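Going by the order they are written in, the chains are A, B, C and D; count residues from 1 in each one.
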Amino acid sequence: MSDSESDIVFRSDMTVQLVRSAAQDGDVVFAARVSTQGEKTLAKAGEDASDRDKGLIRFLMRDRHGSPFEHNSFTFYVEAPIFVFREFMRHRMASYNEESGRYRKMRPVFYVPGTDRNLQQIGKPGAYTFEPGTAEQHAIVEESVRTQSTSAYRAYLEMLEAGVAREVARTVLPLNLYSSMYVTVNARSMMNFLSLRTQHEDSTFPSFPQREIEMVAEQMEQHFAEKMPLTHAAFQDGGRVAP
Amino acid sequence: MSDSESDIVFRSDMTVQLVRSAAQDGDVVFAARVSTQGEKTLAKAGEDASDRDKGLIRFLMRDRHGSPFEHNSFTFYVEAPIFVFREFMRHRMASYNEESGRYRKMRPVFYVPGTDRNLQQIGKPGAYTFEPGTAEQHAIVEESVRTQSTSAYRAYLEMLEAGVAREVARTVLPLNLYSSMYVTVNARSMMNFLSLRTQHEDSTFPSFPQREIEMVAEQMEQHFAEKMPLTHAAFQDGGRVAP
Amino acid sequence: MSDSESDIVFRSDMTVQLVRSAAQDGDVVFAARVSTQGEKTLAKAGEDASDRDKGLIRFLMRDRHGSPFEHNSFTFYVEAPIFVFREFMRHRMASYNEESGRYRKMRPVFYVPGTDRNLQQIGKPGAYTFEPGTAEQHAIVEESVRTQSTSAYRAYLEMLEAGVAREVARTVLPLNLYSSMYVTVNARSMMNFLSLRTQHEDSTFPSFPQREIEMVAEQMEQHFAEKMPLTHAAFQDGGRVAP
Amino acid sequence: MSDSESDIVFRSDMTVQLVRSAAQDGDVVFAARVSTQGEKTLAKAGEDASDRDKGLIRFLMRDRHGSPFEHNSFTFYVEAPIFVFREFMRHRMASYNEESGRYRKMRPVFYVPGTDRNLQQIGKPGAYTFEPGTAEQHAIVEESVRTQSTSAYRAYLEMLEAGVAREVARTVLPLNLYSSMYVTVNARSMMNFLSLRTQHEDSTFPSFPQREIEMVAEQMEQHFAEKMPLTHAAFQDGGRVAP
């Protein structure tokens, strides 16, 4: 609770940890089989998927039988800047609990674009491409972000010290401030998220996410691919369109 | 697959099995704490809840902070008559996969009210009460249900044998036919379901569920109370209104 | 309220009436423009869409910007058999109010397949095709449906006359009984519904709906096409996949 | 598009305009009546509600029959600071389209607390009360907000002028920047929103919203009360708990 101006941290990465999951390919298979067999045949943990299972999962994905992909859950702990959370929470098929600037003093952790972040936007809405940007552009961004973040956090601290309510003082903090949250989703909802928040221009349905939310999405996708490899492969091969 | 008319089964009970869950009181506590602490402090399985946790859960319930109750999941396998599933699936915050009469031949299992099922409805909509019913009423229900179910299933079989598509033949089957499904919910959604589908006249918000869906709800509630005892107690003490 | 066995009606059609709507292509355009212009520029009723509008709507559909298609609403009154409503209500992004067999005596109106309803199912799940069916198949379906419906309704009436509660008596009624409901959806949700409940084999994502729900969907689509012609055209040309 | 530093605007109010609605008490009544009458009897625009209607609406609210309150829609145009939109969009039963900092240059409009904004927070989470605050506190808030906003917007402009992508430059802008959006909700969803985002300590379920989102909610409530007076009165008298 003794965060001060001098403790300011600048980061260029995102934290995504899978803190809890109940998810495996077998769940999809057996949820689907209740339709055709009407029996309780849920997968045992660790049970191997057969070739027949692979075919069934691909069929479900192709024919957009979405509900079998819902009987599972992933809970992630995410640290990312507020402008990323703003986009994230537009996805309504998910459960969120975020750190509250009304209930706690925000820590001085701010996002600054890394040197590999493309800074120059070219083209028109819906068809933007990005170029790396010049050294000068990188310098001005680095300078601006650091100066503004530091100045804003100092003002925040001054208001708190003057006895101003946290919920008022926080309003001067910039969108690159880090926040943290738990988010719980099922595989169907996650595929929808990945479909829109990772880039895949070769798809029937292209997407052009902001790089920073894509950095979060890519980490989520790794966990997804690990826990449900057949489902992930079918999603990938089917053009990354969620059922 | 050789179900025939002579195999008809009549049941008066409901099957509710908890086939998978990732749910404990600690999840509520730690999801809530991210708001005030902004740290990853998810419960370890088996960790005991302190008195402070109990207070926090009651506070969240009372002030209707609903989202901390969403980071968990219960998957049930349910067998119940179609008229129960019709009511069940009106609850949209849940994931369903049900046996399909288009994809499989329905088995001859039918619901008949048990001898303890009240048959006489008294009063007006919104304030019905039920009386046990006379012996004659029980006799006519028993007789009607058995005769109609048997006759309908015979007609169903005849159409199938004549090569009629299952999706057409099934339309003569009655609403007391058993079906089966998986349903996945989180605790918040389940509390909403229980609040509306179990009777609790002493609440600010009374409810008058049909007895058969209440039989399903009561079994679900037992599993809920076992997995999340503090959350269940706070729900119960708070008038059974979901946050 | 004097429905009796002799009043039984058999129907082969579905009723879909658009009872209320607040929906036009202009709403999509102007909801989208808030993103790029940040101004309130909602369409005036009757205002014509320009070529630029057409392009924008196609762009939104292709890039799956779904939210601009949500700021509108359609309320339909639908009469259809219960087995159709069972499929309909699996669509969770909609609002439903259906006639209640607990609160009112159900009227004796039953669905019987028309002579143009294909009765023979060929192939495997996910790739069924239908053939018209033989004269004998049509005869047995007609006969079975009429006999079972009549017999079930008679049993229903007898139970009601004996003082048995409606909610118990109704359980012998078959799935081809007509019910009625209001359903309210927005265009995005409707496109998802149409995408799954009308047949379109040439799409990337084929669908194989049961004919009877397709009969409802086709009528809904006519209303949609009339109220939002540019949106409907973009949906049609884009492979009938909802954004 | 020539916004410059010298054009900075500071506001202390919120804009809420009802741009489109299809909503009246009669819709609730007639949606409910389909349950008991199974007939299409939707209200004509302007039709008066009878005393019987009033009773029905109160009954529906008390017994939490929520679905009849969903067959209507309100579309609002809202201008408010980003920290308000962050809370607003946690409400998932709604449709949003917001101005995009990726697609357009944000205008220099910032929120500064008015002189009547309480600045001092007293008590513990869940039971905060607010005091007006001292003259010094008001001075420091005014000064900090103006200085930080001006400085941040200047940095934003400099980055844009240097050719940095809008989506990167915007990250230095503070949470008190105004944005604009369309939001579409139905009455049930709006009552849930009002229940949580307006203060009503005398309720069974107290709420403690941040003042700025309450300023938006209060304006929405006025429109709601005007369009659906009986529904609003029943909501108010029933303790402001949404069904």
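Criterion: a residue touches a chain if its C-beta (ideal position, glycine included) is under 8 Å from a C-beta of that chain, and two chains touch if they have at least 3 such contacts.
Keep in mind that this is a model prediction, so the values were computed, not measured.
Participant: Is the contact between copies chain B and chain D built from the same residues on both sides or from different ones, judged by whether over half of the numbers are shared?
Facilitator: Interface between chain B and chain D is built from largely the same residues.
Participant: Once you find the CA centre of chain B and the CA centre of chain C, what distance in Å lies between them?
Facilitator: 26
Participant: Compute the distance, rounded to whole Å, between the mean C-alpha positions of chain B and chain D.
Facilitator: 35
Participant: Could you work out how far the Cα centre of chain A sits from that of chain B, in whole Å?
Facilitator: Between these chains, centre-to-centre, one finds 33 Å.
Participant: Where in chain A do residues touch at least two different other chains?
Facilitator: Residues 36, 67, 90, 96, 103, 125 of chain A touch two or more partner chains.
Participant: Taking the touch definition from the header, please name the shape of the chain graph: line, ring, star, complete or other.
Facilitator: Chain contacts: complete, every pair touches.
Participant: For the complex, give me every residue of chain D touching chain B.
Facilitator: Per the stated touch rule, the residues are 36, 59, 62-64, 67, 90, 125-126, 195-196, 204-208, 239, 241.
Participant: Any idea which chain D residues touch chain C in the complex?
Facilitator: 17, 19-22, 27, 31-32, 34-40, 42, 67-68, 70-73, 75, 77, 95-100, 103-104, 106-107, 179-182, 184, 186
Participant: Where on chain D is chain A touching in the complex?
Facilitator: 81-83, 85-86, 89-90, 92, 96, 101-103, 111, 113, 117-121, 125, 130, 133-134, 136-137, 140-141, 144-145, 147-149, 151-152, 155, 158-159, 162-176, 210
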